[in-house]
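As written, the chain order gives the labels A, B, C and D, with residue 1 at the start of each chain.
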Amino acid sequence: MDVLLASLVDGLLIGFVYGLAAMGLTLIFGVMDVVNLSHGALIALGMFGVYLLFTGLGLNPYLGLLIVLVLGIILGMILYAIAIHPLLDGPHLSTLLSTFAVSMIIIGVGTMLFTSTPRNIDINLGSMVLGPVRLQGTRVVAALVAILVATGLYIFMYRTHVGKSIRAVANNRDAAELVGIPSVRILAFSFGLGTMLAMVSGGLIATLFPFSILSGGTYELKSFVICVLGGLGNPTGALLGGLILGLIEGLIPVFMPVGWTPVIEFTLFVLIILIRPSGILGAR
Amino acid sequence: MKGMRLFVTVLFILALIVTGCSKATPTPAPQPTKAEAAPAQQQAPEAKAKTLVLGFTASQTGKYAKESKEQTQGIQLWLKDLEKKGGLKLSDGTVVNFKVKYYDDESTKERVQQLYTKLITEDGADLLISPYSSGLTAAAAVIAEQYGKIMITTGAASDSIYKQGYKRVYQIYTPASRYLTGAVDALKAWDPNAKKVAVVYEKSKFATGVAKAVKAYAEKQGLEVVLFEGYEAGTTDFNPFINKIEAAKPDAIIGGGHFQDGSTFAKQLYEKKTPVKMVAILVAPAVPEFAELGDAAVGVIGPSQWESIAKYSPESAKAAGLTWCGPTIEEFVSGYKEAYGYEPGYHAAGGYAAGLVLERAIKMADSTDPDAITKALDAMDVMIFFGHIKFDTGEAHGLQIGHDMVYLQWQKKDGKVVREIVWPEAAKTADAIYPLER
Amino acid sequence: MMRYVRDPALWLTTLVVLVAGVWPLITRSATTREDMFLILMFVTLASSLNIVLGYTGYVNFGHIVFFGLGGYIGFYLIAEKGWHVIPAALAASLGVVLFAAILGGIILRLRGAYFALATIGVNEAVRSFIVNWDAVGGAVGMEMNFSRYQDYGGPMNALWFAYILLLIVTLASVLLSYFVRTSKFGLGLLAIREDEDAALVLGIPAPKAKTIAFALSAIFPAIVGTLFFFKNGNIEPGDAFRLHMSVEGIVMIMLGGYGTVMGPVVGAATYERLRGFLLTSPLFKNLQLAFAGVLLLLIIIFVPSGVVGWLRNRFPKVRRILA
Amino acid sequence: MMILEAQHLSSGYGELQILWDVSIALQQGRLTTVVGSNGAGKTTMLRTIMGLIKPWSGKVVFDGQDVTHLPPHKKAEMGLILIPEGRQLFTEMTVLENLEMGASPARARPKMKENLEKVFELFPRLKERMHQKAGTLSGGEQQMLALGRGIMADPIVLMFDEPSLGLAPLLVIELFDIIKRLKAEGMTMLLVEQNVHLALAVSDYAYVLSEGRIEIEGEASVVRQMDEVREAYLGI
């Protein structure tokens, strides 16, 4: 029973971070119908951003996140101009490949600069005990930051004109142009936002686990699963999807060998796409 | 007929693309060249020089890049030392020198096989050293054996390679089956009351092999294995798994996989303050970067193929009735530091040892004939800075049976985390922290 | 039948593969053979993937699952049951085609990104399942005793033997691609690619056609998997189901020309050569991955129809001989 | 004064030419209509003027400026607003949000509150359904919303593409009442309609588009009396 409770809490906490990681992917898909295969590489870039600020300038990792946030938006807009915009009207495949090419470039240059040696941000915020559950400080903070960013995003998307414009472009790009929304600028900015979310989540993950330039791949796959759980293109759903994934990962080991976790995750993933492509929340 | 000409032109161009500019030049087997005698041998006018090509692949990119780099540097240092000595002199006055040839295998098997074939047939490699990791080595060993080349494997501990009937593949590392058994011995010695162990491992070729062996060994020693489970390679969040481990209430946790998962696991065990008396995990604790974990590293035990503070020496060789050869540990460590600016770990030592074993075998064979070298390797029983080296000549031909692991533990001294050898008794540099205080 | 015999495109395709493939047999150079083994392997993987990706327009990221499963079935039969490589490869192919037919019937209902994501899920689910399945070695995989090569006249002969088999398979897969492309069935696939709903209205049984295309694309990767791991002497889940290889396959198709017969052949060969060159070139060694990425990006943006597609557009005359 | 002019426009999709040398002009404060049968190229003409399709040749002049190659959002920013065929609402957003999006042009922002009141006064139903998703509205309500969204942009020229399409007859009459009201307020409008009868009845000036070419133009009242128009379009 204690195990169950402890795993439940652990799963939920990490779920918020997973959800945040997936949000960028699902946002970009929702707005421009692009499956961003450089998502994982961008997550890794975020990890290194925070790491370098921490080791190089001694900057607190959580402050480092703020800088990574700004850099993420700028980088994302540059990437949009190079790899997305020229191909937006082409076949589906071309943006898949161009984003994959971006990922190759990031990982290639990253490997040269940082090698694939695992890095670790040595930060320990202690832990507290609540009944049978021991909460690690870094995880609680990470979950809180994730919630904060997600709430911020929600408010931005639903309360500000730019946010609403993003949703309008996602919903109907031609109509958005007709009412005077500069859709190209909005698309670029959305890609910036998506990139920012990926990098910030990477930075957060870096405060929890050791990582290397290749670590993004794992989270990219998890993000796919989460997006599908929450409904592709639905950032709010992503948070829910993240929580579900966190719970699955937390609870499966209680009932069966931990090695089966990915089998169940991916089987579930395929089943959900087949049965409810709009996600658990969405209507059929 | 214009169409025909077009057809032929296009055909020609396409064929050119597909075959590429692959040179069809059959590489002549490297003849013993009576090349320019090196200046060092001028006093021996009849000296013949012979250059052997030593080939291997290194993972300059991909998941093994780090370990592989160390290993490669070890090999290169050995070569440099040999060159400094003016090469390897045989009794007939021949001076043997080596030329090293290596490529990046991207940590993938397709490349390994392609490149080893290239090394053998195009670059005329006479002798081979394995890539890093058991998986890649398994792929390379097939090629080596297919061409009847001698291959010294290092950075590859898997046992199974030596059960495939290979005749010329020799292992430097202590095999996986004996990797963690010492931890069980240590536990029993330190705490006769300890009864329960949890064996948890990464689902990879190497770690699974180690885990199965240690489980069997622990059971034979009368311990109860309360949990035996593998986790997916690439796992980053161990919390749920740790909850499960805690529920099984083991006295000791034994297992792990590679550096990344191992260090993550150790960090999270610490953060969770998991109440166990001993934690022994593979690979990670032996890597210097493990110290980055800070307090989380303290108390963690790890098997190591070799430590710079180990006590192998000409004296200990004499005591064990073995011949000593090659540099002492101090010589190797200072040479490595001088060349690369930091202390070598066991991957680097393994690389150097592979070269040294080849050198020794040629010396023993007193010839560069592959059959003679093979015979020498079969008969080899020496102590080097890396430890005792002896190969199985029976069913598991080439398996390392001489070399033993040492077990190190991260301890805190004057506010700094340092590594100490705590097992076996004979090699230890400090008393173990047991039980863990958390 | 005559129309096939007289089609220069057919002859060109066959000859290119044949000339390149026989090259190592003439020179007897093992290095060339190893290089060509990889090239032919990728040609087969790319040109079979092209049936689904290029002709039908479904982006399959999980193509490698056919290769991996085929490899596992074949390797198991050879190493554990002592089968000869040829029946083992055929059995593997049969098993995998069945798997593809069933799987295709289920997941081809999905379109666009959903299908693409589902294929990733399938590959990962199968891989992680194999990792946990001890009967086929689980995470450790399986190894083959070296003496097994004696059945083929020693290890050297076994390698040549595997190579010749691969050459035959590659030829067959390129021919399959050609015949699908030029058949009425293939036209149906192209119609599905252009507009699936319209194709349905026109009376093309899209679900059935897609499933058949999916199953056809699984025949040869399964055999290649068996041959590759037979030559390797061991198999591990990580090597058999490497998602990255699927993506590389897609890159090759794009490079050569999406939806053409010759495209995947040219693309696979060029890509393999290029990577090989970059890997061993001292100039690019450290940056080869990034360099390949830049190149890919440039191609997608500036030559989106690939080498063969570009030639066909640029020189309409070439169309007759470059299918 | 001509506020909007299309001069010798040609355009189409891919290799298929649809518009052939089309010229129209809108006089300020008047309601101009372009009528024609299904497939005559009416929608293509509007999309070309708006910049959703790039013209092959010809010019678009708005408010004395050559705007031929400006993207649609720039034109909207200047006050040229199209209410597209099939409404093209932001179906996933609420009614209110749709209206707010209508006020995206900088020139419309300060007047947002004022315009919103005007829209709610014109269409009380929209006020009731303010927080409902646009996709859940009925066809008539959606057309109202599309019109309301256009008004929110504070247009200088308002262009309608087939506003009556798919509406029940009663709703069509309601819609034309509102168009008349806007006209009375002095709005310059371009109405593209298949419902020739009604369109000619409310308009000041008319063009007849047939197979991508302007066949007839003139004061609406005159065009309405022409025999060929009566036969071909009015079914009399």
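Here, a residue touches a chain if its C-beta (ideal position, glycine included) is under 8 Å from a C-beta of that chain, and two chains touch if they have at least 3 such contacts.
These figures come from a predicted structure and were not determined experimentally.
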item	value
Chains touching both chain A and chain B, listed by label	C
Farthest chain (mean CA position) relative to chain C	D
Winner on C-beta contact pairs when A-D is weighed against A-C	A-C
Gap in Å, rounded to a whole number, between the CA centres of chain D and chain B	76
Inter-centroid spacing, chain D versus chain A (mean Cα positions, whole Å)	42
Intercentroid distance (Cα basis), chain D paired with chain C, Å	53
Distance between the centres, which are taken as Cα means, of chain C and chain A, whole angstrom	32
Multi-chain contact residues (two or more partners), chain D	none
Chain A: positions in contact with at least two other chains	111, 257, 259, 262
In chain B, residues with contacts to at least two other chains	61, 203, 230, 232
Which pairs of chains touch, using the document's own definition	A-B, A-C, A-D, B-C
Chain B contact footprint on chain C (complex, rising order)	8, 11-12, 15-17, 19-20, 23, 27-39, 128, 131-132, 138-141, 143-147, 149, 155-156, 158-159, 228, 231-234, 236, 238-239, 242, 262, 265-266, 269-270, 273, 276, 279-280, 285-286, 288-289, 317-318, 320-322
Parts of chain A lying in touch with chain D, wherever the complex brings them together	161, 164-165, 167-168, 170-172, 174-184
List of chain A residues in touch with chain C within their complex	29, 33, 35, 37, 82-83, 86-87, 90-94, 96-98, 100-105, 107-109, 111-112, 221, 224-225, 227-228, 232, 257, 259-260, 262-263, 266-267, 269-270, 273-274, 277
Footprint of chain A on chain B - complex, ascending	61-63, 65-66, 69, 203, 229-232, 234, 236-237, 239-241, 243-244, 246-247, 259-260, 263-264, 267-268, 271-273, 289, 292-296
In the complex, chain C residues that touch chain A	53, 59, 106-107, 109-110, 112-114, 116-118, 120-122, 124-125, 128-129, 131-132, 247, 250-251, 254, 258, 286-294, 296-297, 300-301, 304
